[in-house]
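After the structure tokens below, expect a handful of questions from me.
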Amino acid sequence: MKKYSFKNDYSEGCHSNILEALIKSNLDQQNGYGYDDYSNEARELIKNKINDKSADIHFVSGGTQANLLVISSILRPHESVISAETGHIFTNETGAIEATGHKIHGIITADGKLKPEDIQSVLNAHTNKPHQLKQKLVYISNSTEIGTIYQKHELKELYKFCQSNDLYLFLDGARLGQALTSEINDLTLEGISNFTDVFYLGGTKNGALLGEAIVITNDKLKEDFGFHIKQKGAMLAKGKLLGIQFLELMKNDLYFDLAKHSNVLAMKIKLAFQKKGFQFLSETFTNQIFPILHNSQIEKLSENFDFYVWKKIDEEHSAIRLITSWATSDEVVENFVMEIEAL
Amino acid sequence: MKKYSFKNDYSEGCHSNILEALIKSNLDQQNGYGYDDYSNEARELIKNKINDKSADIHFVSGGTQANLLVISSILRPHESVISAETGHIFTNETGAIEATGHKIHGIITADGKLKPEDIQSVLNAHTNKPHQLKQKLVYISNSTEIGTIYQKHELKELYKFCQSNDLYLFLDGARLGQALTSEINDLTLEGISNFTDVFYLGGTKNGALLGEAIVITNDKLKEDFGFHIKQKGAMLAKGKLLGIQFLELMKNDLYFDLAKHSNVLAMKIKLAFQKKGFQFLSETFTNQIFPILHNSQIEKLSENFDFYVWKKIDEEHSAIRLITSWATSDEVVENFVMEIEAL
Amino acid sequence: MKKYSFKNDYSEGCHSNILEALIKSNLDQQNGYGYDDYSNEARELIKNKINDKSADIHFVSGGTQANLLVISSILRPHESVISAETGHIFTNETGAIEATGHKIHGIITADGKLKPEDIQSVLNAHTNKPHQLKQKLVYISNSTEIGTIYQKHELKELYKFCQSNDLYLFLDGARLGQALTSEINDLTLEGISNFTDVFYLGGTKNGALLGEAIVITNDKLKEDFGFHIKQKGAMLAKGKLLGIQFLELMKNDLYFDLAKHSNVLAMKIKLAFQKKGFQFLSETFTNQIFPILHNSQIEKLSENFDFYVWKKIDEEHSAIRLITSWATSDEVVENFVMEIEAL
Amino acid sequence: MKKYSFKNDYSEGCHSNILEALIKSNLDQQNGYGYDDYSNEARELIKNKINDKSADIHFVSGGTQANLLVISSILRPHESVISAETGHIFTNETGAIEATGHKIHGIITADGKLKPEDIQSVLNAHTNKPHQLKQKLVYISNSTEIGTIYQKHELKELYKFCQSNDLYLFLDGARLGQALTSEINDLTLEGISNFTDVFYLGGTKNGALLGEAIVITNDKLKEDFGFHIKQKGAMLAKGKLLGIQFLELMKNDLYFDLAKHSNVLAMKIKLAFQKKGFQFLSETFTNQIFPILHNSQIEKLSENFDFYVWKKIDEEHSAIRLITSWATSDEVVENFVMEIEAL
């Protein structure tokens, strides 16, 4: 029997509602390239949730694709993007952004989040124009790559700072569902939409087979986006595959239910570690946790479960990364908690 | 009730075997990014069919993506690609190849196919090095964008010419199934593999929800291909979605059965037009046909069926494009044939 | 003794006024990167000549550099440029434009010049958005690569067409001096400026050691151009080298005197061929001529002169290309004319 | 009267030998694009000095151009370059390298120099292939951007490390003359050539009007370099302008005499500051020095001399940057020293 894997939140397929919708719609002839009825209906649901009828919404396959599409569509050749060094685009996308011609200025942060003063420091270091690049875009993730989330006042301040410095703000929402259903969250999807110029809702890590919904709310960034999707090889002939999935996820807030499920299970595991007095690499309230264990404890837990050893702390201890998902069952978590308690 | 559409071969979803496999595998935890068991098994089946155990096989989402990945991974900045002007990369992919930095030399052809003398003419026109580009890659499609196919001796000669001129040969197989099951075809998948350096098997237009299988047989082109997939945003987290589909398509030659089905139905429609004395824009033996009709006849057929008016011939006549697919039913075709007979 | 070469107009150094100015200014400390007094003064002279005080003027090293800078600074990733197939950017710049990510649509012309109907035909062939590129820029050369020139009404109509089709018009003036001093010319530098969005004045082929003056008159294209110059490696630390040269060329219309000199000598040679009844590949009125000779005549002329055999006409005849320059002496031309007469 | 400027080493024109050679060669007809006799002769002199007859040598206009040409010609799309954060390519070339598609990994250093352990740390942080880039090239400068130089054992160790890690080593020699004539230098031009794969000799900052000589010694990097020069707009029609200059600079070691001159003068100024007890931002032995002065002293020196205030140290002190050049006279330095002594 295979060990249960907490390695990531994309090990399984998709939620059963989606499978059923795929079956039901299978022989329904539709326009290609995202002009199908399902995609249109899904767009309407998202527009309603963000209360912005004029938003432009595009469905694409994955996060790296969404990132490179958005960034390369916005920037002129001499413009650059600012990101935390933990940002997914900085070291985990094989130079996808640079491959489109743009530098990423990396910022070292404690918690994976950017603050106005971080951005200001980059601007201050690039005043020798035109020998230095023109910064034009700020990239953030929510939840971040290390599991933290933005509070409403943080996002709002960052957005105001960007606006007054002629910078666009782009939010990578590969795990936006998890952020918005975290127990410490005070933002809504409408808030995300209000305090950014463009963002996306991740489906791949929250119940879909594949798919991210890019939402462009700043009018200046809407023009001709479809050309970029096609040019970068991101336009699916059977675009309805993405539309059907987002339609199911958006209906009755399934998207948020699934995210919340993954968060709740992660918090149960976190609590179990806390009760036993374990420390964590960073304090997280979403579906990723990073407890620090003794090497022998890691070995013990590895007998029945798979996970990444994330960072060596000292000769005898390491932080591990545990990720729960929409597909993780209560039962699996109960078994795992028992193993923690037995450590 | 919606009209039946002969507009393209990607209006529906996928073959039922694939749907069943998706259901069955749904909660099976697998490695991401193409390292899953299903993808590996599908790779083995393809390797068997081409009788090349050392081939490198990568699954990606669509044709434009496959084209830009293959071409940009091969060429150095000063190298260019040669294509027919009807080639999909030349005008129908929003400059995807040029966006990666490479010129496409377009060749005007009668039948959408390239011959050694076509390539030679481009080489002859570019001898002023280094002021002119270095041609390094030849791009062909089989079946072509206008429905024609390569005969074995044609492909073999082209490949030999490429080899003796230090050019790579890349075959776009978005509709390779249709080519290989055409009634006039004399090539096998192994032949395709033997007489090219790299090619792909199209799934999107032949029974899959999405997916193309890139097959690299020339050792020089294999190194580091995975980096390119990731960099261009083409690496699916849930790579098993592609593996599962190609596994089903390759099993028991379902892939070829579906393609043949689409061809046979197209030939039935072709025959009906021929019997009535209609001419065609080009003679095709795959799943695309281009009959030339009087405008009033086009109007009549449009009452119950959807299709593209492809090219104006004169004030009173146009060629239309009709495409059948794995999902087209015998019944629909019978109804359409009756309408043709009634014209 | 070396044969005299009519191969091109960049075989020598520079006009003596420039040498003297270089000597005189040599130890004068100046700001780098084009912010020096000489460049500023040269800019003023050009602005006066085009009667546009708000023009943006940038000096760069050569034609390919000017072309790639202008085009890549204007176009967004999904936009393309239209050019004659004889256009220098189309096959003679090693894919410089495509290397910045943009397709060039090539148009076959009889005389190297573009007409509104040529552009319209490209627009007509690219209506399937977003699967096809968005044309945004038209590139022309004056004089053209085959020695022809635009008449005022031609340029005016082309510009109007571009304006009504949301296209920018860019004029490559590597040999603009020769065009404007041709005996059949009816355009002025101010006219060039009025009927284009951006153009450049070539120095390299008209008396300078190196240098082209890019003149941007459309406000929309001015922003941030300096960043592009630096990014593409085109910003000289000692920018005054370019400023000094254009200052000398613009003073007292030396630029036009030199160009006229080269034209007049070419026309003398042309006349000599005409008197002897020779035909020409194309009728030109600038500093390039293309007489068609018998192979034995080519051999004879080659004894004392160097030139390119340009195009084979039949087994016994070829067109040769003869180029005169600011540096060609009357004496050399007289000797050559005598040889023609003796053929 | 203008103040004397110590702002940089490219404020003047060129050494008088070069001016004389330009005059003498002015009407000598030569092949274009670097195929002229002067360039060939200059190449021979350089080959002799590095004792490598098979080296490939190309003359280009400036440092940014040389950097982007070398780096983009070497790297495949998924490969990256490692540099100190003070490296010129990292923040002072308007993203020129990223514009060709490649990421630069920046390393924070104390002295602007890279050590094997710096490179190793980048390699260690990028083991998650293919989600992370493949490092392929190390970029260093000698002298560095902050005036320091490499000792022979340092360069040798770095080169050995690169070789054993499948990395190329590229040395930016914009101020290589100054490095090799520094009083603490123990490297020769042949040593530079032996312990790198490719480097360049800067002319612009050492007596030429413009020009850098790229020297490729690793056979794998030689192929087709000319194509890249043309494609990036870096190929001068009158390539002899560069050849003539390097011929003069290489003859009788003028290049090294000029560099030494600039170093000696800088050291005189350094000594004057040291005698007065001033501290320096970094200890340099080339033509750049960074003394730390009180604001009032800066103001005093500014009355007769121009220079950059480089870095604020505290409210009352800043480091200034002083650069001497081949053109700086002993007299100017004597006057400046007197002003220092009077502080």
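A, B, C and D label the chains in the order they appear, each numbered from 1.
Just so it is clear, a contact is a pair of C-beta atoms (placed from the backbone, for glycine too) under 8 Å apart; a residue touches a chain by one contact, two chains touch by 3 or more.
Here the structure is a predicted model, which is why all the values come from computation and not from measurement.
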| item | value |
| --- | --- |
| C-D or B-D - the one linked by more C-beta pairs in contact | C-D |
| Most widely separated chain from chain D, with each centre as the mean of CA atoms | B |
| For chain B paired with chain D, centre-to-centre distance based on mean C-alpha positions, whole Å | 51 |
| Chain B-chain C separation of Cα centroids, rounded to whole Å | 43 |
| Distance between chain centroids, defined by C-alpha means - chain C, chain D (Å) | 34 |
| Where chain D touches two or more other chains at once, by residue number | 77-78, 93-95, 99-101, 130-131, 133, 227, 230-231, 235 |
| Residue ranges of chain D in contact with chain C within the complex | 2, 4-5, 8, 10-14, 16, 19, 22-23, 25-32, 61-69, 93-96, 99, 204-205, 209-210, 227, 230-238, 240-241, 327 |
| Of all residues in chain B, those that touch chain D in their complex | 33, 72-73, 76-78, 100-101, 129-131, 133-134, 224, 226-231, 235 |
| Touching residues on chain A, where the partner in the complex is chain D | 77-78, 80, 91-95, 98-104, 106, 125-126, 128, 130-133 |
